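Next up, some structures in structure tokens.
Look for chain A in each of the two complexes below; its partner is chain B in the first and chain C in the second.
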Partner chain A sequence: MTDFTDALGAAAALVFGLDASLTEIVMLSLRVSLSAVAIAALIGLPTGALLALYRFRGRFFLVVSMNALMGLPPVVVGLIVYLLLSRAGPFGVFGLLFTPAAMIIAQVLLVTPIIAALTRQVIEDLWIEYEEQMRSLGAGPSRAMPALLWDGRFTLITAILAGFGRASAEVGAVMIVGGNIDHVTRVMTTSIALEVSKGNLALALGLGIILLVLSAGINGAAYIIQHRTKRWHA
Partner chain B sequence: MTRRFLMTALLTLVFSGPAGAAEKFITLVGTTSTDNSGLYEKILPLFTAKSGIRVRVVSVGTGRAINIARNGDADVLLVHHRPSEDKFVAGGYGVKRHDVMYNDFIIVGPKNDPANIQGLKSVSDGLAQIAATKSAFVSRGDDSGTHKKELSIWRMAGIDAAKSSGQWYREAGAGMGATLNTAAAMPAYTLADRGTWLKFENRGDLRLLAENDPLLFNPYGVILIDPKRHPHVKAKMGQAFIDWITGQEGQTAIAAYRIKGRQAFFPNAKR
Partner chain C sequence: MNEPSPAPSILPLELDGVCFEAGGTRLIKDISWRFEADRRTVVIGPNGAGKSLFLRLCHGLIKPSRGSVRWHGVEAAAPDESPANAGAWAARHQAMVFQRPVMLRRSVTANVDYALKLHHIPRAKRAETIERVLHETGLKRLAHLPARVLSIGEQQKLALARAWALKPQVLFLDEPTASLDPSATHGVEEIIEAIHNQGTRIIMTTHDLGQARRMADEVLFINRGRILESAPAKQFFEAPQNDLAQAFVRGELLWWNKGQDNRKHQPGDPTEGKPE
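Let's turn to the complex of A and B:
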């Protein structure tokens, strides 16, 4: 049990001491994961909606692959992005490896399938419900799409939060493409892994507690916004 | 209102990176053992203060470090497996290997020492006894310098430990610290570098049981990635770092580094 009380102590000391390197690490974590989720949402929402509304050859295959990609292991994504961004790889000339940009790219690949797959399900369900009505008003899939995305926004926020959870919790991809460089690419999860490897278990767990609290804060904020606006529109 | 505020806050956060993208830096890829020992944190700021060049450290096992360096994803390589280092230079990937420092490996294990290796002069005898008593042994199993050293000692002892993998011989496939965590939890024997061990906090029932066999000598080498093969390598700054760490100041800083009052690395650059 002492490890747990030590961990709480370590977390409290870090937070109340306003540890400068902790602030830096937290800000970088948020910057990387929020950027990745924003980009993934820009790609995933329309992709999911298109898959839900249009019927074409290969759609079944795309839907199944999208769902399967939700389970993509972060280390595999990390490895693929590493090979692409390495100086020996096709995009090596940009020198992006071991930078926050590389970490964002990896997380976009991880999160986009989650947002797209969940969006597809949400929009498809709404379309089943409203198709007849909307068609009678002269709205085909293309005009129905923005309306359905708007109608499903509260559920879609949950899909985006699921994506954020994935991004902020993963360590495998950012470790490989970021390199866990102090002051440059060190984020919450990679510092936790580093402290574990140094045997500083209490400090590692303390950082874990901070990560959990942060995640709870973001989810809480999203929930409050959802409810306020829901009441507004009701 | 709240929503607009939150959106603005979010966008500011996303698009305002830390300044200093134009800072001068080199990328050093090196072993987990030097990083976990805390050496870099101590000596690199001295180099940065003098040269204005920051050193970005990526710490992985020697095998992967060499792979990253071969791909040209770093400027300087600092590892500890002489045969791999020589092969790297001979293959045209590195300019030249320089001695930097050394320390030594040790065998740690459960304090009740089931294989009775404490005080043995020969480390290969020690491993032979661990094998004979089928006492648990955790291997790095990650193609690192430490792992390669361990395998060479098993070979000297005439034991094919890999055959017992999954039984008393456990391959962790992890860095030095993570492997020590595993060994402490089992508890089991393992081969560790002295620097990481000195710094390691989660020892549990592990004790230092065998040391000082000449076989356990652990020299580190530093190599500039060859700019002829990878033109983007920051050869000037990389060489400045190598000159510094193998020069008077770097060598003094290495010698002065203490972990809990003990010297962890011994400088041995040739002048």
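Let's turn to the complex of A and C:
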């Protein structure tokens, strides 16, 4: 028990003292996950909207593979990206393995399906409701799409936050493709795993607390958005 | 098109042998009709008669399975078809208010603004139009509210304001006062009247016979996908020729119209259909 309280005290000191190595790790985590989510949103929002609004060949295949990817465990995604980026792999020439870029790629693969699937659902429901009115005003699916994305904005933001939640909490993918290299690819989740195995509970706990606060913040933001915007959606 | 200088008229609207089928059922059967300019047409008929389908066919939202729809002699196009299409010019001069108001998840003002934007009205000119139609429909004090918190009556007025802002030559209204109270109904009728007085051709459906009497210049009575009677309003209400129309005007239940070919057969309804 004293171990735990000691560790907690040390963790608090690290967090509030803005410990340099801790800050570095947190910043890299945020950089990786935020970039991944931004890219995933850029891909996932239009993909979801296209799947919602158009019937085309290959749509079924896309939907199924999207859903399959959504359920993939991060380690498997990590493994796939590892194989693709390793020296012998098809993208080996770029030398991306064990860099933050590789971690971003892996997380994009993790998050895009979530955003795309939720977007498809949201846009499909909106289009069912809006279609006749939009078409009457002269807007077919392609002209209506920006408006549909805008009118689904509150739900879509929640989808993006969910994606960020998944990205920042996963350890399997970044561990495999990043390698948890100190000062290079060490992020919060991988260093928690490492520090625990080394018995350095203070740093692990400090990082754990930050992750906790981050995830509470995300959930809080999602809740507030849903709550404050109910009347727009009514 | 939003200039006061009138664009060339898209009327008359001609339907020629128009049929519409869905799911193997003929829902609109061989309708031919010519809508002339400068009057208000009210389409009446029982539930499921095909009134809404008829308006959609006229507006171009659905394509006839057979027959043709022409505006000023030009084959009609869907309103969302590319402007390159010959029929598209007519579509841009029409608007429709639906049976259930469709409100975007934005403010009252933004709802009108979006419609104007889709009609390529430059931003500078939109504000003035929005101001005017919201004023005329009595919605100005609600301008900044999310449209979806408005009451159904207010939403219906907003749908009218949005359509009005487009200054259409032809306005289709599908039961614009269904589920409104008498005072809201009166308000909506006044708005439609005002739109008509500014030169918009009104084509509407209603279940409210009093409203049909008040608003119609010409009445189309539709039953089971056919026009059974068409006449100037006065004549129609004073001496309807068709026996079904007579029963309808007298407010008798048209339960016996649910015939053999009616898919929405109610349990307990007599199955023998009235021969057509």
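Points worth noting:
Keep this in mind: the second predicted complex is superposed on the first by the 194 of 234 C-alpha atoms of A that agree within 3 Å, B and C clash if a C-alpha of one lies under 4 Å from a C-alpha of the other, contacts with A are read in each partner's own complex, and residues count from 1 in each chain.
Just so we're on the same page, a contact is a pair of C-beta atoms (placed from the backbone, for glycine too) under 8 Å apart; a residue touches a chain by one contact, two chains touch by 3 or more.
Since the structure is predicted, the reported quantities are computational estimates derived from the model, not experimental observations.
Contacts of A:Ala221 after superposition: chain B is touched, whereas chain C is not reached. Taking chain B and chain C in turn and counting the residues of chain A each one touches, the greater count comes from B. Once the two complexes are laid over each other on the shared chain, residue contacts for A:Ala147 go to chain C alone; chain B is not touched. By the document's definition of touching, neither partner reaches A:Trp127: not chain B, not chain C. Once chain A of one complex is fitted onto chain A of the other, the partner contacts of A:Ala139 are limited to chain C, with no touch recorded for chain B. In the superposed model, A:Phe164 lies in contact with neither chain B nor chain C. Of the two partner chains, chain B is the only one touched by A:Pro100; chain C is not. When the two structures are aligned on the shared chain, A:Leu34 is found in touch with chain B, with no touch to chain C. Counting contacts by the rule stated earlier, no residue of chain A appears in both its interface with chain B and its interface with chain C.
Every residue of chain B that touches chain A in the complex is listed here, in rising order: 2-3, 6, 10, 13-14, 17-18, 27, 32, 36, 41, 56-59, 68, 70-73, 174-178, 180-181, 184, 199-203, 230, 232. Touching chain C in their complex are the following residues of chain A: 129-130, 132-140, 143, 147, 150-152, 231-234. Against chain A, the residues of chain C that register as touching in their complex are 56, 59, 61, 78-81, 91-92, 94-96, 98, 102, 104-106, 114-115, 118-119, 146, 148-149, 166. On the side of chain A, the complex with chain B involves touching residues 24, 27-28, 30-31, 34-35, 38, 86-89, 92, 95, 97-98, 100, 179-182, 184, 196-201, 221, 224-225, 228-229.
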